[in-house]
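Got some structures for you, see below.
In the two complexes that follow, chain A is the common piece, with chain B as its partner first and chain C second.
After this line comes the complex of A and B, so read on.
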């Protein structure tokens, strides 16, 4: 465990160095980079993905994956918009959207935790199915015209220069960090992710904890979907489509093992900062579209490759010493 | 073609005159340092590359020292990508953004923030439906105008003595074609088209083969037919091929709406001496002029403002009849292609 702990520390150090390098390059490259307004924008433009990345971290550490998050975001936004358009007051519409998220999460959890299907398959079905329901609600229309307070929730700062979404991100970051790193529940998530059989024999209620994970994931996704709707002020059926890959990218780049049991929230927080600053810097340098994707894809390959190569190098070295 | 556009612009000005009076036509001052972003729906699509070409042409003409940035999202990330580009452009303090919007009203909050920071937001090709966050929309065509354009092409091909002509359309329930045909019938009521005799309307369902046989059937049925008007890019090619195969091109001509690259051969050999389509090059050019004029303060985004857009002539900002709050600059009517300009456009 100490070896793994040290490795994680190294990973975070690497992320931190990368982050400092990116920030330095960005500041040199663009005189617009170092401003409070730009930093708020940089967070705000991807804040919904960042929020969902928090619960995704817990899910992946628990040895599972949730591919349905972006579709749940879209579903929640569509439920809110549709019920609002059909006469529900906005607060009720928001509650119904969050409830839709919980239902989606329970559905995922049922098939994974109690029927025992692999989460990859179940949430892939969710990715397609929840998106389908969202599109049935909205067809090819867009729904907008939400109350002003709702739009402002997504667009206006509430504390200093920070928007509600950013504040919610920081609150959830602390909340999930405490759960994962200082609670019995967190230790059980690591245990399940490392070795589910061992965890089960040690008396961990695996089914219940997996249910918690998938419901939390879908609920937070629904919340993020509502915040996204507030930010854009209008909802379409294709909302947030494809976001799941960006979210998983951030988690993996944060040093979380795709096989479960390893990683922490600080690493993911750093990875989010790395990606956001990189995207923003490239955006300000007028590099868009495919080039951005290429660079971030390359970074991910590097993130998966680097630890393994490092391990190999170290093993070889030690072999020589002995 | 320029004459047609001028007359359309003059027509627009006349329509405006009673409300706004004859305000000065603003001339933009070249050489001002105005950083601008041209934002297409996606990168890597031919019409947008053509619009980029037109915008670069305008940029060169106006000697803008700030390079035009042509930035776009990938199709997979089009909504979030456009919002990100608009936000970053605002941070960079650009003076104008030209958007072909693909996100409905979802771009509106980002566009409003841009406006609040003093960025001029011009949409082209596809506007912001609510018009929020948008200064003005540069519209490619007014669908009601096409009736007049088709009537003008028919008159120009048949000459003052006129003659019989027929319409080869897409499917009977195609709403855009039906609207265009209805507009053409309205236009034909003008006495100057009195000699044009519309004898039939047939439908080729936008299938090459069906359109081909329908064109053959038309010339069999009406021995003195002189023109087939096809307001569809499939029908026009099929009709031209049918007439060429029947060796009737000397007697019966083809016109309508088509793509220069597909019509090149038939326009060069005289089967289809004229056809029309809007030009994305011109659309990009006009969008650039509009944005430059707004950003340099030559005009304000309000109804009645007029400006000179280089080689394309004078334009005016009017209310957009298709959107409750929007303003538009109507490029229209169309580019009419003849043997003189089709080759360049087909490239």
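After this line comes the complex of A and C, so read on.
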């Protein structure tokens, strides 16, 4: 029996059923719920987190974690705002922000892939350090007054009702799904997450692939940070603070194993939709944010427990048979 | 005569233990008189370690009984064994490296003074013992700062603090140098004088002779000889260890072959880890055996040739004319493969499918041209190897974890055959593999040799080496102790070389 695979499939089915149920309940609750406009708004509200969750999925499947993403988002936004304020044209400011993301990613990768430190510690240091740099750039000010085209990037629909951020999310979703599920690189990410030692003994260039993961993670985070700045129209030093936990929550809720090697992007996509609709529905039903957090937290515990409990039950049962 | 009237401390009757299809103990019996050092010797897989684990309560026997001073006891946990006065010093250290010597000595039974854990009390309680063991170290320092030999003594001290009546030592000196070994032996003799009974498991026969009073030889999970040491000689023990092997299991030795193929692999003065100046060559199509005790350097040598370990000195020339690979990736790309000894840790992604594992090397290491992964090609590879190696699996999509040891090993071999390796390094490939799969692995080795690949094959089972190899290199404590031709060496000579690093003096006729 392919126990783990079956359990995962069950988890995704469960998520899907949950999603349908939430949408059904919500639409009973409020007749505005099923409108396209509401869906787009809903998606738009935390589109930056959804974008970063894509690369976080790859990182966690690779058996690592990146806690520094929210700080990289903030750093990139601050770099863009600061260079813009100091006279750089906006396109250059955006490029510099993305470059800052790549530098942050290379820094993470160096300590993790080549020095061999645990990613939990390295990216925790990144979480603190990159935020610190962002605050040095902006101190307590808020910078705004970006060019019109930049603000529209985050607010104006470009394809039908979809904004640029949402379009970018879909493009990246397909891109990373192809990487993860149809490319050699994706197979190696799973291999490293399953057993890094065996991957190394099979000739996988572990250091290189970890570098790829952390650079991709920070680059996409920087991109998300820029998009966030465009949507808000102004940048502050504490931008996106605490986002990393929401992002990791979505990934784990999507059935990705925190121990690496298991999970897929479809599950994470479903989880993002579940969280959005759940929060939106609860909001429409006048349930407070604290209660919403409580529900999401419960769901997360359940998502991590469910496959393990299932496995334990099976093992106990087998043990009894022997 | 005298012994039969002495009440026995431990008596083991008809122990049976099976792991899956492998029988580790097959009705083993053992009587240990109080106050003696009783050695248990045997080849790898003869059941020594299992016996020790059962006595220590770590493993439960499938049948048989254990009598302690004539009374039937059940050792259903390590704690139960400890309570009955059985202490065990394991071959692998089981200390907490970051914690202090004292913390390790008193782990889980820290002495209290006024309700607080007291290091002073620990010092008082351990001082005399540590002095006696000659362990002169800073007891507040973390254990990791001690030498391996000192760590071994800390481990021994920890067990001795429990004042065991039966002390089990599982190859306690495998990590010790000569001086430390002598000190250990002096301590053991002193303990014997104080009435502690010891079961001493070791591979090194001279040392067994130096320390023990009585010797039991095990073979295939049974006790075959038990005698006072004074009535035994090393050749007698080796004969008993080998016994009449089921020769038909192992392939007959190769006929003498003309080795006119050019030398394609040359290893020149490689040092690194425990290795010291290793030199040898191998020809295309040759099967070269590597024999040695645990820690003699066989695995290190294979790791260096595969690029997962660094050589500190020396060089090598591979069939492609280049030197030692600098990484496993480079090795794989140059057609060098390693089937590692610890396949669960280093060989397989256990929670992935057979298909995933078999296609791993091609996908992960080779430059395939296209960045995309072809499921069709991967299925073809998996199907090919499943058929060729007769891997028993429900489907290519089954998890490797659910296969038997032999079939798991075939998956590891299969993933490497997919790259058509020119140099095949096999690190004890038949360990933990059932008899049928073993025979299939032998056939594969023959086949790889016939295809002109260079095979370096390490094994702990001598008949395998003798039956499969053109030549056998013997490593002893990191140096090349000798080289023998596979077809002209007998078990006895080989075992002697492996265990002592020297050829037997009297019966040297089997050698060239």
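As a convention for this text, the second predicted complex is superposed on the first by the 310 of 322 C-alpha atoms of A that agree within 3 Å, B and C clash if a C-alpha of one lies under 4 Å from a C-alpha of the other, contacts with A are read in each partner's own complex, and residues count from 1 in each chain.
Methods note: contacts are C-beta pairs under 8 Å (C-beta built on N, C-alpha and C of every residue); 3 or more make two chains touch, one makes a residue touch a chain.
Being a predicted model, the structure only gives us computed values, none of them experimental.
Asks: Kindly say whether there is room for both chain B and chain C on chain A in the superposition, answering fit or clash.
Replies: After superposition on chain A, which the two structures share, chain B sits beside chain C with no clash.
Asks: Scan A:198 for contacts with chain B and chain C and give back first, second, both or neither.
Replies: Touch partner of A:198: chain C, not chain B.
Asks: For A:41, select first, second, both or neither according to whether it touches chain B, chain C, the two together, or no partner.
Replies: Touch partner of A:41: chain B, not chain C.
Asks: Determine, under the contact definition given at the top, whether A:290 touches first (chain B), second (chain C), both, or neither.
Replies: A:290 sits against chain B, while chain C stays out of touch.
Asks: On the A-aligned overlay, A:237 touches which partner chain: chain B = first, chain C = second, or both, or neither?
Replies: In the superposed model, A:237 contacts neither chain B nor chain C.
Asks: Taking the superposition as given, does A:261 touch the first partner, chain B, the second, chain C, both, or neither?
Replies: Second partner only.
Asks: Quick check for you: in the superposed arrangement, does A:190 touch first (chain B), second (chain C), both or neither?
Replies: A:190 contacts chain C only, not chain B.
Asks: For A:182, decide between first (touching chain B), second (touching chain C), both and neither.
Replies: It touches chain C, and chain B stays clear.
Asks: Just how close are chain B and chain C at their nearest CA atoms in the overlay, in Å?
Replies: Superposed model gives a least chain B-chain C C-alpha distance of 38 Å.
Asks: Do chain B and chain C land on any of the same chain A residues, and which?
Replies: none
Asks: For a test of understanding, state which residues of chain A touch chain C in their complex under the given definition.
Replies: Those residues of chain A that touch chain C are 1-5, 178, 182-188, 190-191, 194-195, 197-205, 261-262.
Asks: Tell me, which parts of chain A touch chain B in their complex?
Replies: Spelled out, the residues of chain A in touch with chain B are 30, 32, 35, 37-38, 41, 45, 142, 144, 151, 154-155, 231-234, 236, 238-239, 241-242, 279-280, 283-284, 286, 288-290, 293.
Asks: Okay, in this complex, where on chain B does chain A touch?
Replies: These residues of chain B touch chain A: 43, 69, 71-74, 76-77, 79-81, 83-85, 87-88, 91-93, 103-106, 108-109, 113, 129-130.
Asks: Under the touch definition given earlier, write down the residues of chain C that touch chain A in their complex.
Replies: 306, 308, 327-329, 331-333, 338, 340, 345-353, 356, 359-361, 363-366, 368, 370-373, 397-399, 402, 415
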